[in-house]
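Take a look at the structures below.
First chain A sits with chain B, and in the next complex the same chain sits with chain C.
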Partner chain A sequence: MKVGTVLRPALVALLLALILRPEWFTPVFAPLAPEGGPVIYERTSLLSLSLSHLGIVAAASAAATVVAVTLAILVTRPAGAAFRPLSRSIANMGQTFPPVAVLALAVPVLGFGAGPTLVALFLYGLLPIFENAIAGLTTLPPATMEAARGIGLSRWQRLIRVELPLALPVTLTGIRLSVIIALGTATIGSTVAARTLGEVIIAGLLTNNTAFVLQGGLIVGLFAMLIYDAMVQIELRLARRMGL
Partner chain B sequence: MIEIDRITKVYDGAKAVDAVSMTVETGTITVIVGTSGSGKTTLLRMINRLEEPTSGEVRINGESTLSVKPHILRRRIGYVIQGHGLFPHHTVARNIGAVPRLLNWPREKIEARVDELLTLFSMDPAQFRDRYPAELSGGQQQRVGVARALASRPDLLLMDEPFGALDPIIRARAQDDLRHIQQRLGSTILLVTHDMEEAIRLGDRVAVMDGGRLVQHATPAELIARPASAFVADMVGNVERPLRLLSLIPVSEAVEDGPAEGEPLPAGSSLRDALSACLWTGRTAVPIHRDGTSAGRVTLDAIRARAGLHE
Partner chain C sequence: MSLQGPWAVLSAPGLLFAALGLAALSMPFMTLSANRIVAGDGVLAWRVADPSATLPGLAAIVAGLMLGLPSGRTRLHLAGAVLGLGGVLWVLMQGASALLDGAGDYARVSPSVGFWFLLVVLMLLMADALAAMTPRPLLRAAFLAAALVATAAILSSGALSDLSVMQEYAGRRDAFRSEFLRHLGLAFGSLAAATIIGFPLGILCHRRSRLRNATLPVLSFLQTIPSLAMFGLMIPILGWVGTTVPGAQAIGIAGIGFAPAFVALLLYSLLPVVGNTAAGLASAPAAAIEAARGMGMTPRQRLMRVELPLGLPIVLTGLRIVLVQNIGLAVIAGLIGGGGFGTFVFQGLNQTATDLILLGALPTVVLALVAAIVMDILVELARPTQTVTQ
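This part shows the complex of A and B:
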């Protein structure tokens, strides 16, 4: 029996319950709340916070994917090969820069709200996708590429019909890493008034309420686990079909 | 008819292919054979312009290959490589239908063509159409690779060491299949190999290359009987020359009336098979059967008479 078949629905159910019916968990979290203080976060609906959190992550990751994959395609063409080291350094810098610093620097320009968070997550997410897309596009099976040219596919057709689909499983691994990093990092966005699940955690830290911290942390953690698992399943299915 | 006209390729000042000219008749197999570095693969790749010739040109049915864009030209020329190069993310049917799809054939016509080719290669369409290349054996992958190259009924089929990745038993079968299919479809084939045995077995004509030059272009029998240089003689294998010659002659050419004892040979065998049967069983003649009835015998003397130049 596979553990996943039991565990997966159980975790989904737990996550849904934590978001939609947080009051069910009052007895669990009560010992962690301060004396006489609130046990369950009720200032805003956890559902709307979750959706906003996922929305910011999805938007930033989608933008990072489009930019990183486009860059990877350009620098793996013969004409763009000279730019590969430069573009690698830039993507690496994006990764080195702490997201908190990006937030602090972006606020004066973009103001409070979701903007700075989107920028930070976007910059932070570029590198894994870029590196993996390059790895995928430069390790294509030589015989297949030779045949693709030999049977008369144009450059564009080779890219769309052969290179990108074959590089997809490896690229997806990069997107997965990027999404998981973004899911966690997005919580920091609440310090500059982005609506994310970080709000719950920060409210807990400010009022010394461990129950809030745990609640927010659990929801983010469960999202990360389930999304990670779903993406691994997609990658495995693709790779298996190609006999990799 | 394919005319290769003084085609030359220079890499860094060195001539990989040096002014090679030859003519390939429609409906024949020409095998280009040579050691590695002889320029045979470069010569082949210049025909569909995977390599651009430094000088010279190739004409297919009178039309220069330089008159169309390379990728358009390649859609008219089938191409088979060692290790098949199938698209791992496409089904067998999509792989075979790749070129017809590029040529915008209607869907039903592509489907019918895919099924026709699978049947021709004795692979049941219902069973194999929707499989992925990773789910096939090496021999099946190779057949799908050849089927893909034949799908659009190309003017010419180029094959670069097509059987190199197969084990000897499957290779022999793939060679026989290719021969049958070529005879049935009347295809024009240019095949590159380093294996002289394969060249003699498959080629209507054999072109031997050495150091970028074409050193001999002749029928297999001529090549064995009158090698143009010491290099060609060496490639053919001096010691094995009589045996190679015998393997080209069907027993039907040496058959005579008369009795013979023992296990009969079918009429499609070669004199080499007959010699082998004589030596192995200590006979001086073997009976020949055609469609189950006796068609005479082949004697050791008759074989000896054909095994060399002393006639």
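This part shows the complex of A and C:
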């Protein structure tokens, strides 16, 4: 924990500096740039690329969360039980699909741009959230459920006040997995013309400019680490509050 | 429990599949375009060829979907799925040659939304039936082998060689072969390297909890780094190694190509291997360890005869995660000159040639699925007792 309290603000500061004041890093990146070539990516502002990247991830993950949790609730009700084995095997098999392949296969159907990226992120993001939400909703402590029934809660009240809160930590883990995969896949999304930070890396790869590659890679990597860490902290706090 | 009254004779998923399947039939089944780049026009399933030619296939599709309807008849569902897939294939074969007839030298036909949708629906019907039958591992392996042999036979028979994706293949037969081998080399090579490094590290982590607490968080942070960034970051690092370490270049270490892709995949592979090895060894029941100690086994004997055999399924699950993950991630290698199926995917994206994208993406998906199924079978075979009841 002590390492975290020092490291976290330092990494946030580094990330902000990389995005807002990239010119500060010119001496660091200069040896990596081709001779006479640009050292700092200036074709578009890194801030707008970052915002667009995070926006795509947030939109896809939010939609995936809503749909996946709804589906998980449906198949864990008695009326939807017939679909549970099927939905399980879809989630299992679906997760073996490589995210890049999902992205590439979305292009023929949806064309280039942010559209296929959003759809691929959404579809792929559904699976871990769905799987974890089901795990959460089907492993509730029987005594608690019995008590909820005993004090006369209706099915709806049980769902809202008991089942969903108890399933929340496990569901959050699924959302974290899905957000991290989405961040990575969105980076590749720039190969299908979505405006994401991958653009910087790809530009570097195309012009043999390692300075660009390192810049883009550092920003995306720092984003992923910090978001992962933040979500783990939220999960820990929640678990502590629930006395787990 | 889902459907009540007279409807109880029908399977709820079966009804869903039938509805989706019939809806898919009303979407364009194939696309005819003037060349490999331009967007084409969709053609409905019953229009792809002469009605007398498509009718048997369409009848088989509808009959297959209907066989999925009765509740609880899993074998019938399986038969329906096979029949339906046969029908889809029949219509595709008829359509491929009929649509190209007189359409010009550069014309291309490809399967369209309706085809892919029907394929998914029928595969789900099959998966649902197979899941309900819970076949034993060896029978599952036989099913997989049969499916692979059938696919290979259909592809090599030339019945589908008029399809655009097969024409892309025909022009790149040698490249396909070498990229396939390269893809396997990347995925399995990094798995092997990760096992050689990660397995001993996992054993050490199991023995020393301080090492474990220091190693696992670092490895899981490595795993969060987006793949494109990781592959990109490897370029300057390995480029530096290639130019400064004597002899490194001679064994192929350079900033671009196979080496950075391999190292990136290796780094992603370490967490599942180390984590699952440690977790697997820790999963041996305390009573078994106690008994082994009581028999006078040395720590080494305990490891080899008790902890490892009992933890094997969890260790293998780690390898499954790595293999499936690496097959998918190896696609990114195509962006940094590392080869593999990604080469076709990104070439296709650059040329907006849909079928070239498919030529790279479809084999990757199939490879990942097959790897997942095979590893699942191995995990199940490694369980100490064959009758796992949960």
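Everything that follows uses one rule, which is that the second predicted complex is superposed on the first by the 240 of 244 C-alpha atoms of A that agree within 3 Å, B and C clash if a C-alpha of one lies under 4 Å from a C-alpha of the other, contacts with A are read in each partner's own complex, and residues count from 1 in each chain.
Going forward, a residue touches a chain if its C-beta (ideal position, glycine included) is under 8 Å from a C-beta of that chain, and two chains touch if they have at least 3 such contacts.
Bear in mind that the values here come from a model prediction, so they are computed numbers and not experimental data.
Novice: Report clash or fit for the pair chain B and chain C bound to chain A in the combined superposed model.
Specialist: Aligned through their shared chain, the two binders fit side by side on chain A.
Novice: Would you check which partner chain A:151 touches, where first means chain B only, second means chain C only, and both and neither mean what they say?
Specialist: The answer is first: A:151 touches chain B but not chain C.
Novice: In degrees, to the nearest 10, note the angle that opens at the C-alpha centre of chain A toward the centres of chain B and chain C.
Specialist: 100
Novice: Which partner reaches more residues of chain A, chain B or chain C?
Specialist: Looking at chain B versus chain C, the one contacting more residues of chain A is C.
Novice: With the two structures laid over each other on chain A, which partner does A:141 touch: chain B (first), chain C (second), both, or neither?
Specialist: A:141: touches chain B, not chain C.
Novice: Go through the superposed model and pick first if A:108 touches only chain B, second if only chain C, both, or neither.
Specialist: second
Novice: Is A:192 touching anything from chain B or chain C once the two structures are fitted on A? First, second, both or neither.
Specialist: Only chain C is touched by A:192; chain B is not.
Novice: By how many Å are the closest C-alpha atoms of chain B and chain C apart after the superposition?
Specialist: Checking C-alpha atoms only, chain B sits 18 Å from chain C at its nearest point.
Novice: Report, in rising order, the residues of chain A that make contact with chain B in one complex and with chain C in the other.
Specialist: After superposing on chain A, no chain A residue contacts both chain B and chain C.
Novice: Which residues of chain B touch chain A in the complex?
Specialist: Touch list, chain B to chain A: 48, 50, 71-76, 79, 81-89, 98-99, 102, 132-135, 145, 148-149, 158.
Novice: Considering the complex alone, what residue numbers of chain C touch chain A?
Specialist: Residue list for chain C touching chain A: 1-3, 11-13, 16, 113, 124, 127-128, 131-132, 221, 224-230, 232-233, 235-236, 239, 255, 324, 327-329, 331-332, 335-336, 342, 345-346, 348-349, 352, 354, 357-358, 360-361, 364-365, 368-369, 371-372.
Novice: Give every residue of chain A touching chain B within the complex, in rising order.
Specialist: Result: residues 141, 143-154, 157, 161-162, 165-166, 241-244 of chain A touch chain B.
Novice: Under the touch definition given earlier, write down the residues of chain A that touch chain C in their complex.
Specialist: Residues 32, 78-83, 85-86, 88-90, 93, 96-101, 104-105, 107-109, 112, 180, 183-184, 187-188, 191-192, 198, 201-202, 204-205, 210, 213-214, 216-218, 220-221, 224-225, 228 of chain A touch chain C in their complex.
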